[in-house]
Amino acid sequence: MTKPKLRIGLIGSGFMGKAHAFAYSIAARVFDLPFELELHTIADISDEAAAKAASALGFARATSDWRSLVVDPAIDVVNITTPNALHKEMALAAIAGGKHVYCEKPLAPLATDSREMAEAAEAASVKTQVGFNYLCNPMLQLARDMIAAGELGELRGYRGVHAEDYMADSAGPFTFRHDPAGGGALADIGSHALATAEFLVGPAAGPITGVMGDCVTMIKERPDGKGGRRRVEVDDVGRAFLRFANGASGSIEGNWIATGRKMQHDFEVYGTRGALAFSQERFNELHFFSTDDRRGRQGFRRIEASPDHRPYGLFCVAPGHQLGFNDLKAIEAAGYLDAIAGRQPEPFNFRAGLRIQTLVETIHASSRAGTWKNVP
Amino acid sequence: MTKPKLRIGLIGSGFMGKAHAFAYSIAARVFDLPFELELHTIADISDEAAAKAASALGFARATSDWRSLVVDPAIDVVNITTPNALHKEMALAAIAGGKHVYCEKPLAPLATDSREMAEAAEAASVKTQVGFNYLCNPMLQLARDMIAAGELGELRGYRGVHAEDYMADSAGPFTFRHDPAGGGALADIGSHALATAEFLVGPAAGPITGVMGDCVTMIKERPDGKGGRRRVEVDDVGRAFLRFANGASGSIEGNWIATGRKMQHDFEVYGTRGALAFSQERFNELHFFSTDDRRGRQGFRRIEASPDHRPYGLFCVAPGHQLGFNDLKAIEAAGYLDAIAGRQPEPFNFRAGLRIQTLVETIHASSRAGTWKNVP
Amino acid sequence: MTKPKLRIGLIGSGFMGKAHAFAYSIAARVFDLPFELELHTIADISDEAAAKAASALGFARATSDWRSLVVDPAIDVVNITTPNALHKEMALAAIAGGKHVYCEKPLAPLATDSREMAEAAEAASVKTQVGFNYLCNPMLQLARDMIAAGELGELRGYRGVHAEDYMADSAGPFTFRHDPAGGGALADIGSHALATAEFLVGPAAGPITGVMGDCVTMIKERPDGKGGRRRVEVDDVGRAFLRFANGASGSIEGNWIATGRKMQHDFEVYGTRGALAFSQERFNELHFFSTDDRRGRQGFRRIEASPDHRPYGLFCVAPGHQLGFNDLKAIEAAGYLDAIAGRQPEPFNFRAGLRIQTLVETIHASSRAGTWKNVP
Amino acid sequence: MTKPKLRIGLIGSGFMGKAHAFAYSIAARVFDLPFELELHTIADISDEAAAKAASALGFARATSDWRSLVVDPAIDVVNITTPNALHKEMALAAIAGGKHVYCEKPLAPLATDSREMAEAAEAASVKTQVGFNYLCNPMLQLARDMIAAGELGELRGYRGVHAEDYMADSAGPFTFRHDPAGGGALADIGSHALATAEFLVGPAAGPITGVMGDCVTMIKERPDGKGGRRRVEVDDVGRAFLRFANGASGSIEGNWIATGRKMQHDFEVYGTRGALAFSQERFNELHFFSTDDRRGRQGFRRIEASPDHRPYGLFCVAPGHQLGFNDLKAIEAAGYLDAIAGRQPEPFNFRAGLRIQTLVETIHASSRAGTWKNVP
């Protein structure tokens, strides 16, 4: 039985463009996908760059005109991995072209734009995906399942952080990530901490209902790349207190000037009967404390990723061999393809991406106001 | 040359009473103390309890009347290790009796009481000490020295936590720690997180100037010990955003319902040139990241306590052998005795204890108001 | 410029067959390979199994006749991932057919067979590869480079282990891995420990020149799969003392009954100026101690995999994102393809595979004799 | 009820002399000892040194004549903390004087001497103790109890190491520890690894019955302290394969040139149903894997020392506060005092110390012979 073809268009070939291309390749080998994938066209900033990327990443065609890509009738899915400010225009055009759209996070710099995108996608009945790839880790799915199954008892507290140091050097130039409209550490990586928080505890504790934000700019200006300096207004550190629907409370921090940290996407969840602790620095492990263990033998238990934790076993039949970052992205792609085929709901669609933008903006608003805000 | 005698009176023989007695014994062996110590009198709730404690802890005399102890002309130093609500009365009486006073933390449930105690001590020119024992760890002193010496560069961010689970069981009874006047997780152990924050970064980043608090009661009532239930109003989790004088920002959390955590007194400090990470769960280690390390060889370095880190070498001449909790308490006692002898300033006197209470109360007030508060 | 085609034949579609298929797919995306790869034919035990595997793993053709595959003029490289006892016959046939051969480890159960294979390949001037995939970790390459560059000073000691628990259950059946000719824990996974030892320290300390073995059978019989029991003669634990050419000494252990261990492929290397420690359980980290660090700041430093450590950056441009097991296999495949293209020497050819078998057999012989043996 | 007095004499006031003095002080506070201790006399190399030590360590009298100390009728227990070569003469003299003797390890450089000492003590019916202090860790007692109770199932494998780096610098001078008669890393610290091995698994797997040794001298000569160089013959690294009475096998390593290691006294024990892993670098933790945990939730569990693990609770009533090295020594002293009082058997008497010397010498003999040796 032959599978239907699904033709992929990709806009952008940087860090995340490559990650999408890798993800499809890996997914096609690892999963029993519902489609035969065709890497159809890649668009980049120039013909030359696009041609080079097509060759490197395995796309059959290349273009410097993303507008032609998003209306190409031969293309089924459009992947958007360009700077954030371009997401909206590209996504709306692709949706208008009837394409499914897989957009990198953040969905758009502003929640209003994100909403427009989500509504357009829903009106057009296309399937969408936003790239919150850390959620695709089998150990996070395990954590979520354990929490939902009550293995921690009733949830009481949450602590999350996403800290890196890629903006720690004040000599680094002003980039699109510093754009006052939607930039900053909270939006860029604090968003991961927020996504993880609701992903994990949402089913058990309900959504985040209130936030108190603390967004701080530590590096006040940066080289503008033209010999001058440019004022920076976005946050280098964005913190929030959280309130969940069930009354549990917590906090998150997004921080891109945390010298020495490369991938501190960590969380701790505390319930009445147990706790979980996790660090992306060792993301093939989940640490689990249970009050069910007998007295004198209790302790945080280091669970290593194994075929017991789906879909690890599709990558490797033996425990302890470990997944890498590109594998997480492949899981994300596979889930999205299943959603396109109607096999499952969209794992993290534009509406979910809007939700994160809403949380980010509510935290920003709270920080500016210096008071708690309800999350709309 | 014989040393002058210093006669110790101790009120209380529970967890902290024992710790004080152990501390003096260890300090007398390990340090070249300025005094010959005499464990003179111990006071406890009854004659019988006091006699038993005296025998166990090596005090020559016992009494059930703490009031007689604090005015006994034979006693030089009064140690107070009773429930928090009693600290003030006992300390003021001891100060009035001309005694030096070594009081367990928190100094008093309320800052106003703490201030009265600090001012009385200063007026009487007696030497005081409050028991923030975790500060006495050589690795914390190392961290403070490194920060002060600029090894991290300019300070930018701080994350602190003190989480345990001794109140996680909602079937546990209402105790003095739940007293609406001064109880709660923030006061009880969040205070350690605050003390550590200012201890470490104060010399470099200045004091905490502003706070935004988030204090949450998760267990709303507890058994009252008489067959009924009693409403709990104090916080089970107390969080705060922090602002330091130099503009650096941070956060702390005090949490006594963190299931599975026994001694998560942790911090991370980030500067422009480096970072430190520490956990009391492994308190003979300090983790240090330096951008001075060459490219491709950078990473958090696990520094193990050794004779290079004073006063570790007095306990053991070989590295890696490790100090225990009672050793930290002995370092605290030794520092205090040096202060009494005029060899050094008081390491953490009542004024410093008042400072912590002020921080706690400002966080409480901020939490109630839902807005930032300047720290007086 | 189009690349020459390289057509791949794969025999076997189990754990390692999949890993080879994944490896080529990932390598084709991640690396600038010298060839355009074509997954040409897969051979498996039956037509049905082969067809299914071809579909799953992306091969164009399927066959149940591996003999036809190895002589198919359309095929350039033959990958052998079948049980160990079949490696020799298949490899010799493929070499006779003029194919390059990429064979899973161990090369063959016996060193004599391995030698025959290595000599045949060399005589035929085909390029060969044996799958010691853990060596392909950028952190191991880093370790080797550091050692070779003298960052540890003169090498003195080595400790290696490869322990798992996949044979810990005595109710598990007798398999080809228990075959008296070439089976056992030392051959199966102790071989990894040996390969890593020589890979890391060989350039600096020279090869292993002498061994003293200790091979122990703990589970004396196993179910034979036909309702009976079968005697087991191979080692469940195989240890060895090692002597290197420069006089340094060390030890390794292979252990497949280490309950709880999933991937304890660990090593520690000690030199006069520093040390390295590594665990495959956290294989994106390397721990480095240097006496060059200043006094009071020394400690094992956790270096996280980053673009500074080639070829990590081809997988991900940002540090800390981590590689997975299949990525290691892709690095292995890419290195082999470069060798086929003449860009570099074979990374781990049949001659190197023979070396490992020789070490394994010398250890076995030493264990049987109860005395040290020189390694031929 | 007053306790009988026990008067302590101590010979030596270096590292271990201090540790003994500290141990008695701590023990007297922490434990309900059967005696009232009196630190009676300390002997050191000169009158001046002895007087200074007496003052520092709390002994009432000082002498430069250890011979007078060991026959002083006022003294009940003699503690020997001098260089190894002096142990025998001092111990025999003390035993002849009717004293109980608490001797630092190793009992004597040679097993024949150790035997003489053990037999003399037994003939004189005095109580003896040898200072294998790491065994006194509550987490080791826990490990032993768990193994004895069958929580790991049937024992199969053991891996132990004791590695430090205090002899790693080849510029360090020749000391008594390099004495050809009884010196070397195996005797000095490998002995700890041996003691721990039998302590833990002895009750379940029986004693070590056979050994194969590998003792290596890496630093062939050292400064002799007089401007010349002196040849070193003792081992810098001493390894052994082990066979236990029940058929389980294992290995240990003693290594005093392991650059970067300060206290790597580690072990792993594997049984049919579980495993334990421990490092003295974090000695308030024990890691436990149990196959009884449910599938998908298995993992090594970090058990933190707590009042559930005797006698931790006597030091601190709260979990997670941690013991230090001097506390371990206090537990050792307390156990010995209980043995003197007849409350329990001697925890680690001269006969046990002889056992370790016998193991060390058998390993040395095996290493020299290059063959396995049965342990007498």
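List of remarks:
Note that the chains are named A, B, C and D in the order they appear, and that numbering of residues resets to 1 at the start of each chain.
Convention: contacts are C-beta pairs under 8 Å (C-beta built on N, C-alpha and C of every residue); 3 or more make two chains touch, one makes a residue touch a chain.
Only a predicted model underlies this, so the values are computations on that prediction, with no experimental measurement involved.
Distance from chain D peaks, on a Cα-centroid basis, for A. C-beta contact counts were set side by side for A-D and A-C; A-C has more. Here the spacing of chain C and chain D, counted between their Cα centres, is 41 Å. Note on chain placement: the centre of chain A and the centre of chain C lie 35 Å apart, centres being C-alpha means. Rounded to whole angstrom, the centroid-to-centroid distance between chain A and chain D, based on C-alpha atoms, equals 53 Å.
Among all residues of chain D, those that touch two or more other chains are 261, 298-300, 304, 306.
Considering their complex, residues 152-153, 156-157, 159, 161, 168, 170, 212, 214, 216, 218, 236-237, 239, 241, 247-249, 251, 253, 255, 257-261, 268, 270-275, 289, 291, 298-300, 370-372 of chain C touch chain D.
Within the complex, the chain C residues that touch chain B are 142, 285, 288, 293, 295-304, 306, 308-309. For chain C in complex with chain A, the residues that touch the partner chain are 14-15, 18-19, 21-22, 25-26, 28-30, 32, 56-58, 164, 166, 261-263, 280-283, 304, 306, 315-327.
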